[in-house]
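Naming follows writing order (A, B, C, D, E and F), and every chain is counted from residue 1.
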């Protein structure tokens, strides 16, 4: 290991995710599976399992559920030194898992959370980002309130000034803010970053860019001087089966991954696994087809795993990326 | 809400359904999931969730499992005032869920149940049906013995006389009575009703009507002066995947729904969901294509939900009926 | 049934209770058992199982978890007509069950709930209480905010004016409001009511009344012109074993129940079961020793049942109240 | 192994036992634990685990739940060659486990079972008992109907004639037959047997014998020319804690075991474990104090094990019988 | 039953199989499902359920997990008289179940097991195989060490000498031994046997035979004078869905079964079910197309059942073999 | 935090602990709860939760179960930098939980583990212990083989030389080595250490010291020049209830804690919790009565928590240590 791997820092909310057990509807559920999650934290866990040192910056309440967030991240090797303690409550994400023609339903209970009520001054970015090589952010933080928005902006300013690379996952959530609000805020955030992650639908609704996925990604690169734009393209008529293809537009053109038909165990966190795969590729100097195949394979594998975390090794991702095939039981 | 929604009354047996947990075979099962069910009661629950007031008329033992039947129906808003208490035992339905090429197996333990030993005089139909706009019955009740048969007949007589609309689900069960017995009894019951629910196979074996589904439904309408005949048409080579299409023959001709490929969570109660969807449509003045699409969507969605009850709202059914598509997670 | 049983109406918050499964600590929990609860609603369920018609007045969000609250109450026969829909979130009660020397821990996540943000004008007390014979309230509602406090006061005013009997459970919760605040508010609420429920400790800290339990109860009666004061007296060195004795001070003097040593399955809701038992006794014209034994037995039995609800019949309570003994398996 | 151990044959009903999971009441239960049981079969399993060859004679339906009965017995080494197949249904025993002051509740659903509708001629006792050294019966079989009563009588006649030793467990169940009926039938069955198992309460109500346990046991021996009478003496104020002492009256006088305070996991099958321990002792030539301590220890240990079967080795029983103490973890 | 069915004896290791619950990865698993398994024992259980008497010969430790192996086999009717007790430990097979593109992972912890350290002289083949009509072996035993290899060779010698028919499942496991080692050992073992079970891939890598499956099977028959060669042919891009076709080469030529698309519940034991189906067919005098369809249907049905055992009746297998179709729920 | 807390390093085996679910016996168990454990690692987790930085030094296999060990420790804040990867297998501890008079049973499957086959040279103690203030060891490591014994000795030598304080838990396990072997090895290891943890029974059998606990502890101190000797004294007739008292002999004499009657959830790890409490006290400058009460309270609380880890905060321990009482639910 001659080359030191740069450390990735993510900033975002941590939440309790409660899934109605089995395929029960909310009104039937007598048990909930508890997991701790957060779009940006999911990326950190994914990176850590792929071998990239990662740290989460966030804020959770003093109580034991706040502690459990920290424990969940530490378990998978993520640095939690900068997860602050304070605030009143932990945001909750209730999940009812869809199947066949029945869509999943999510009830957000995130308002007034420790993260959404953070004070930007609590985060000392020079200390936090001093040794970081990459900063990963997403579009949920600015949707959560003035505090997170200002803290994210401060982190971005520091990163730009000190040449920390930046990735930004669009992650537009209509339950958190309006399209109009997102259209005002997001352009200023993604200008000049190294990696933008989203979908052609985001490009159209939030940035007014139309066209087929490839040209749309290129337009987005040009319009905001972004180095790489990565899209996930999903289709599917059943909620438990999807077709997934990914796309990367970068300095060497546009590359598309193979298409996977995925039988889904848990689709939440798929985009975060894609982000982790893409950041892993770029940090390791991969580009183009190789990068997009790696990230697509990570995204694909995540969906076979319960919970939000992409608990896959780089070797596992590479094997799928290379062959598109699940192979056989090794025994 | 200017127009008052008519109340639907159903009459039928309530049972304990015990499912071998997971995909275990009966001989492996160390745990059974307990639910309370009944073909007609399932329709009542489905209607209640779709917004139609519904009441169940039945008979359960005095003991706590009898009480649990009542509680299960009340939970989802069904009126249980006319669920009488008495008799010795609650019928049991043991279910082993099939998968892939392995069919589901059901062990009926229904003989000597509180319902099958009811006394027809216990049910005072003028009081029960006085405020009802619709009466739903099915072909399991007359198969269960002289008492249920006579009580059902009395209910039918009252309904016909007082212009309460009547739906009748064929629900032929070979484990309960012979084809010959059903052929003697059923024709007298379905004469002149508003809605008959069944399959082309029922039409052929029980009423001697052949032909393609559409002409078969029309023949059935004509032969028995039935206003609407609704069929479910299923096909499939795997026990956990089915193709479903539905058909409605009425005064304005024959209409077929779109075809769904369904990845099944629990197929029991699908026909009851279809019945609930169809009754909901007719009560709300829908007909033809609109009615059959709504009922097909209800039938489809039910199969993604554990248990016999179609725990879906009218809005959810309408969204699927309109688009045929599961859409995306709302978040 | 010659004498019509008066209907009991309760007003209070409904919440989701999430218990860490097994004896796991919060930081270990991967599963939570979900139940719907509320101090006043628990009393309503207990009364309904004891044979007294009961209705809950509350406010829950529009979403499915709000619906699940309603379903949970209906299941056990409680009238939910006056559970309004609105507001942003459902309060959550996270429970870690103690054992031996380790105390239970509760994390309240109740702020900003649908109930705490209710508008008093939404509740039309003449309609709600018109047919009621008894109104049950508790000290949590005024602790939750100005809206609930005003709504509770309006209900009390109506009850006093129209001679609806009133019971009030002190239910002091230090996590919700300060002793000082409670001391300002509670005296005005309990003046002249028919039944006050609490502990000698409440009497001392909130109303400044000292002395042994019996004289303390009598002083409280006199100070606030309360007809009956009922206390639960608990002791115990292990969190899963308690000694319980109950006391009732009324017009005919002070009566104490036998003492139970209770091996606890779930202690939450014990006080609510006591309240239900006491209200049941008073409505049925029982007083003194008979009333306090019945209520103590209900309180005792509740603690052997998982969840907050006292799912016991009057016959079961009477058997224990009469003998103090669990008897044998009937078979 | 110089001395060949005689084979024990038992005759009795096999049932499905369904326990409401956890300490849930029946009306709360969404899951039932399934086990296969039967008073006499429990003795056979206990004997098999203690090292005595045992066979069950019974009748179960052709379906898979009948097969599961057989599988459950084979699993623990019991011979099932003479479990016949036939009849309509398997009897069911629903169990709600009591705790603290709340008693267990049992709902029997045994009527019309395969066993209760057996034809005595189906059982060829010369073939079945030809190689047997001991026959174990109980008082539930004659309570179940004319068929079982006649078959049991035929087995007894064969045993008496061919000097197969006989044990008979009183097992009086008020839900199955009246005291009056039992008083008519039982005396003829227990005359001259080698071992009677029951309680002083049985002796009083069924055979009119009063007095302290020791003299009562001796009177019973004399009145019916029984070689050994064994009693279990239980007391306890909590449903999950019992005090147990056992007593054996035989040719060498009356012996009482030590008293155990038992923290109960599952009390069903305790008497059957006692019977197995006693038969094991007598077959192995133990008598008096040694025999009753062994049987009491088996009865005690059974109650720490879920399910009806006494899955304990002779070494484990002997260790407890010798010391009265649970010892420590061996590691 | 005029013709007596020959008894099948199998020899092989018994293990504890621990599956990470749900689709959890090993690092997530907090619960493991425990089952007892072994390639050859699975065949014995399958045969027993199909109606053929079967016995397992093996060696397990003295402790309770060793006993549990025996109990698991007895439960399903297998003779365990020759499962010896001794050695230090039970081999463990940890299983992480794959899904979609994620392959299953197996961690073998089999070294130093009771079976791998057996002494060949402990097994007295004349006694064991004296009454046997068929001996089933597999390629895992010789891979486990010198002891098992010698014991298997001794069994084979006895069988050849006394005209006990022999089947041999290739079962090559790269985690147990190298291809080179297997190539040295296996040819000597399969020479002249009645049935060889494997895949074309085995034929190529272990015996150097190439070509399409049919010609490859015929070459294998000829090269080693084997009477029947049976292959399973699997394909599939998802780990939870496979296409399966089977092939049998025998004296009357090569026959292929229909192809199944299988939605997999548990794929482990599929090959053993195939072996059981094939042995069942040959013992019952079936050949060619009929035999291969029966075995393929057994293999297909097994994969819909949790655990390693093919818990299917001959009637169930025949129904699928005849129609290729899962039929409908019987009710 | 003016005074820097010294880092504690522990060295010992990590294992997979598999508990038969519920109170099932091994032969009944169909599910095992999986946890990762190790006597010394349990101390490290306990210290970490009490606020003392702790690191585990060990060796686990390369596979995912080895990784899961590391993850389990990291989750609770323990440093795992020096958990090496290598060797063939992870030791397994199968646990059957006792109850009432039935003792727990443990099956060790530890032979040939990654830890027992470690090479002492793999551990660079200057690097590992360079920054450590305390080294904790136990008597299981030298019992596991020559490698662990030598590595432990090397660690001890380094600690003695560089004035790292040393605690040693006797932890004698008769399943791992003989008393004779332990008597030869242990005296050399505990000479001159700062804290010895054990029982009076250890003192007698391993070091030949008799007398009442207090004098025995003092003799042990003197004989081996140990600064503190800490004993746990347990008694109890039920496996789920124990009486616990603890004792500390140090420079300021002998102090005994209060006695607790403990209703046990999980007794494994109680001694490790005691060790953690004692080390925490000594590091924080507590001595005598205060130290032994703190450690006894930690030991007591651990037994109310599932799993081996003492997941309690210093504040929780202090509250119990101060009052001996569990207090009440805080709400």
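Convention: a contact is a pair of C-beta atoms (placed from the backbone, for glycine too) under 8 Å apart; a residue touches a chain by one contact, two chains touch by 3 or more.
Computed from a predicted structure; not experimentally measured.
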What chains touch chain D and also chain E? B, F
Report the inter-chain centroid distance for chain D and chain F in whole angstrom, where each centroid is the mean of the CA atoms. 45
Quick check: how many Å separate the C-alpha centres of chain B and chain F? 62
Multi-chain touching residues of chain E, meaning two or more other chains, are 25, 27, 30, 71, 76, 105
What chain pairs are in touch here? A-B, A-C, A-E, A-F, B-C, B-D, B-E, C-D, C-F, D-E, D-F, E-F
Which chain B residues qualify as touching chain E in the complex? 22-25, 27-28, 98-106, 108, 173-175, 237-241, 267
Residues of chain B touching chain C in their complex? 71-72, 74-77
Under the stated contact criterion, what part of chain F meets chain E in this complex? 18, 21, 25-27, 29-35, 63-65, 67-68, 71, 88-90, 92, 94, 96, 105, 107, 109, 111-112
Listed in rising order, chain C residues that touch chain D in their complex are 76, 260-265, 297, 300-301, 303-307, 311-312, 316, 320, 325-331
